[in-house]
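Okay, so chain A shows up in both of these, paired with chain B first and chain C after.
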Partner chain A sequence: MSSRFRVSLLVLGAAALTLTACDREEHHSRAKPVGETVPAGMSPPTIFPGSSNPPALDYRAKLYDNNANAIARGQQLYTQMNCVGCHSHGGGGMGPPLMDDQWRYGGRIDQIATTITEGRPNGMPSWRGKLTEDQIWQLAAYVRSLSGLPSKDAVSSRSESMSAGTPQSLTPHPETNNSDAVPQ
Partner chain B sequence: MIFQARVRAAVLPLLLSACSYQHYQSDFGGAAVADRQFLTLFWIFIGVCAFMYALVIAFLIAGIARRSRKAEANVVETGRHHQSDPLMRSTLIGWAALIGVGLAALAIASFVADRSMAKAATNEKLAVTVTGNQWWWDIVYSSDQPSKMLHTANELHLPVGVPTRIYLNSNDVIHSFWVPSLGGKQDLIPGRNNAITVVPKTTGIFRGQCAEFCGTQHAHMALVVVVESYPDFIKWWDGQLQPAPAPATPVALAGYKYVTTGPCSACHSIGGTPASATVGPDLTHLASRKSIAAGMLPMSKGNLYGWVEDPQSLKPGSKMPTIGLEPDQLHAVVAYLETLK
Partner chain C sequence: MRRVATALTAIGILGAAGVLLSCNKNPTAPKSTPQTYAQIPGAPHALPPPSASPPDDGNWVMPGKDYASTRFSALKQVTPANVGKLALAFTFSTATQTGFEAPPLVVNGTMYIITPFPNYLYALDLTKPGAPAKWTFKPKPAAAAQGVACCDVVNRGAVYDAGKIFFNTLDGQTFAIDANSGQMVWRTQLGDIQKGETITMAPLVAGGKVLFGNSGGEMGVRGWIAALDEGSGKIAWKAYNTGPDKDVLIGPDFHPFYASDRGADLGVKSWPPNAWQIGGGNVWGWISYDPELHMIYYGTGNPGPWNPDQRPGDNKWTTGVFARDLDTGKARWFYQTTPHDLFDHDDINEIILADIPWGNGRRPVMLRPARDGFFYVIDRRSGQVLSATPYGYVNAYKGVDLRTGRPVPNKEKDPKVGRVVRDICPASPGLKDWNPSAFSPITGLVYIPHNNLCMDFGAAEANYISGTPYVGSDVKMYAGPGGNRGAFTAWDPVNRRKVWEIKEDLPVWSPALATAGGLVFYGTMDGWFKAVDARTGKLLWQFKAGSGIIGQPISYRGPDGRQYIAVIAGVGGWAGAVVSAQMDTRDPTGALGFANAMKDLPTKTTAGGMLYVFTLPR
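Moving on, here comes the complex of A and B:
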């Protein structure tokens, strides 16, 4: 192999790497205009126990899942909206932990968004009308990152808090154990 | 023709900024600051540095001219003139002495300015905590009496002639508190307590702004500083401590209901109402302020409409989301916000 060929291979490889970074951090600062948001009671049904034929992912999933900006904004909202009060920083307390591999109502991003929008029995409040659809999906993207589900290049490689904890990109990726939802 | 119009369009705003904001925000102002040590320090630094710079440039030009003459004479450069040439020797000693004197002058001047600032800090009469957020300022006035503690945002009122200690903190990234007319600049660093003492000398309205790049809307993170007489200041403080007035008209009542139960209350607080979140700026006396969106837009009915309906087109990336209010909700919300005097 000539050295020139090797150099051009290297350059091509580096160029390909930069391409993968392109949609890592797409910003959707403009929420949808009036009339395009989902009206009350229209969240997609997200529990499909034992179904071998789960419905397709919501179209919004690809806008927020694996999106670094959405995850970072979700992280801020997680503290600001006091999710910490019940779920702690993912370890759980009054509410169930979010950083383990158990999902009572499913671990797909559209399932989590529905959980936040509609609320769930035994304490989870409904955030419909308090947060915008955009913010709810950002929160859902962050909640997924608590258990290491999004790809590592989308999550923050440093801890956002004052104490130097383990960066999120080092969160182990557990095998998801969905007793009633489809495997991820 | 088009080019000319473009040039005019580009130049006109510059002219405007030169005229109308001369006193509003002036970098050489210090107009409102009591002891002018900062301005003096600034001119000493400019003087010393300009003198040394001119000298270096003069020597450089002389050196270039001298070198070209030597090249003609075909003299071999040894680099050891200072040992043989007495003139070169004394010049070099003089040069070193000049550097020593210049640096000493700068060190003494900044030490004196620093000490006089520290002295002002010891007799503070008023303590204010300013917390930086992306992209607005949270302001808390401290008092011995808990009932006198005042929480507001984006508009800092200061009594003239009173040494005020401003404690600086940040909730997210590094910001910088800079009100040029008050002199001095200090960073707001998350997890670290900084402070700056100001003694305003003249009354007036001055503009401050964030001076450390802090994200997409850094340029629109401004602060309105109102310096007023002590009685006026106390009157303002007492007025701001009052809870928000109850809505008087049916439209304002509808707005009140939406603001205190809808998405607004997830982030904002309004004194005397159930809205008590601390994520966004306090709105208790919003309509009494001179600007909205952290010094970005003048307070007016039209700007309130625009800001409430679509903050993301006015200040893209701002943490306030575009809710998508229906027209009747928007009318009601603005009608209510306008009552918050």
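Moving on, here comes the complex of A and C:
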């Protein structure tokens, strides 16, 4: 065994370790196909009579939430689809802020995806038919990341905003006391 | 020649004194008042045209007070000598949490209040103790309209005429309500929220027509002004502010003063192909009317998108003033304040009609403290700019060339895609935004509530998707030179100079009121309602309201014959969205960059609409 081959093995091993240690970079380009619908009408946090638990998290959530690739793609869409015009870079304006710990219609990624798909009655437009389901999940992953709920290592360390923004990885997020915003 | 001028001055001073003495019927007004006004330097001064500013009957029937938009009350029981005793008479909660920009109206013992979305109309009975509500009209506008209103869900006022109250709703409807019964007479919908169109402005009613335009300059909405028949609500005429001449109602009667506004279909040719269809030029500010010339005047909003690289050309007929025939809507002249606007410097600010001393007579002009930082004096017959003088700090332009009417550009501040230009003054809301000045015919001064803000501007490619924002810029605003974010300035329009100035920590987003008693009133965003001496600017009285004040103060004569001062508090609007929309101030670009300048506002005030009415104790 040549020494060069040994070094290569070491590098490969280290790379494999890194990959298995963390799925934030996971990219499901050839993953098992998932149903091409976003969760229809996933309700905001509310009372579920006759049971104590809200519906289980949509099984597709784990493919997008806390995933650097999905968040990065969502970040591009956020500007391209003019989300930034209403919600700014998370601080809000015409639309509510997204970087705080308040979620009018729920902060779970499947709830956010439903909000983007269906719109909401006080002015959130419906993007059904304008974006693919995959894009809606990516956008939802980015929107959720603005609030600081996913871990810092998945979010972008550069700002999309030219003039003024702080990179997401450097934005401080104080611990939330909002019962509706618990990490999923 | 000098002797003639001296004689004229003397006549002017005597005339002004005569006017003052003749209306000094109230025994409680101190006798010292008239002499002091005549000592204002620069008299003879500007006066409103009598046809557009009739004698005060003690009511307040339209936001501007009169067609000349003076916001001046001839009532004079409250004076610098006694204003210190001004006390609360009654209050009324408007049940709103958003920015309250509208004034109350007062008509023969009833007060009318139009709220921001959901645009309730309240009628209060001023003849009874505590002014109880007579009725409430709820127009129930579409809730989704809130999502396409660029800068809070405000309404800038209702108007009374001939037994009816007229107002617009956020979702693009116009209502006529019977002023006695509170029943709807008619409603007409011209705005379409699916395109991003809203209506926030107060209508003007003149010559049997209800005039108003659309908002949506940040949504790629094509601007227009329309006239509805006052009796039926049917559309009388509608004129667009971009596009072919036939849409803009430009014909043989159109005679702009400057050459660059002459030519066929400039509303198409001064844009890239089809860009005029989504080019803004909205009408969301104020309309004035000259009954003698039979012309209405209004300003047009910014071109869209903000990113100027996407719309090479002059972008007619955005960011300018139109004069139109009241009956037909046909354009008579146009002056473009900032061709190819670079900084969102909408030109929708108030248009005060005045006649200023000129040669041996008077010249009919309009007075305009504009968003771009210049105080314009424009001949209202022709559209010729007579003077344009900065009334605060301006570095975005190097001046105004009076031969062409165009601002002299400062190339250093020219935004380009992919770079950030810093320290542009004034910022997007301008040296002054929508909130109107007051004009006192007694002092001849214009009282300007305004900003002192600069900005960093990063232009980026905007993507047009109907019903969503079409802006293309990242903006971050901050205080201008001196560190004060606002100011209240008394301006002499004849001698083109500042007479006095009050520096305010926060932007002054409330309109102003001037009274014949010698006072000027305005509010601050942290909730102080202030009365200052009209001559000196000295603070004489102040009251702390429950929320920041961006509403228009008025003065009226109550059924008991006493003078009242009224204002509605309720922070919000573009400047106050940080509070009313509960924004997160960690993002400096929030509210199109205003958030950065207003980070401390949530610590200084809270939301909530409330009417406050003051009078002197018996």
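Everything that follows uses one rule, which is that the second predicted complex is superposed on the first by the 120 of 184 C-alpha atoms of A that agree within 3 Å, B and C clash if a C-alpha of one lies under 4 Å from a C-alpha of the other, contacts with A are read in each partner's own complex, and residues count from 1 in each chain.
Here is the rule we go by: a contact is a pair of C-beta atoms (placed from the backbone, for glycine too) under 8 Å apart; a residue touches a chain by one contact, two chains touch by 3 or more.
Just so it is clear, the structure is predicted and the values come from calculations on it, not from any experiment.
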Partner chain in contact with A:100 - chain B first, chain C second, else both or neither: second
Which superposed partner A:145 touches (first chain B, second chain C, both, neither): neither
Chain B versus chain C as contact partner of A:80, first or second or both or neither: both
Partner chain in contact with A:123 - chain B first, chain C second, else both or neither: second
Touching partner for A:88 - first (chain B), second (chain C), both, neither: second
Which of chain B and chain C A:135 touches, first, second, both or neither: first
Which superposed partner A:114 touches (first chain B, second chain C, both, neither): neither
Greater residue coverage of chain A in the superposed arrangement, chain B or chain C: C
Touching both chain B and chain C, residues of chain A: 80-81, 130, 162
Footprint of chain A on chain B - complex, ascending: 172, 190-191, 262-263, 265-267, 279, 312-313, 316-319, 321-326
Residues on chain A engaged by chain C in the complex (per definition of touch): 79-82, 84-86, 88-97, 99-100, 102, 119, 121-125, 130, 161-166, 171-172
For the chain C and chain A complex, residues of the former touching the latter: 143-151, 218, 418, 420, 456-458, 460, 462-463, 465, 467-471, 474-476, 577, 581-593, 595-596
Chain A to chain B touching residues, read off their complex: 27, 29-35, 37, 76, 80-81, 129-132, 134-135, 162
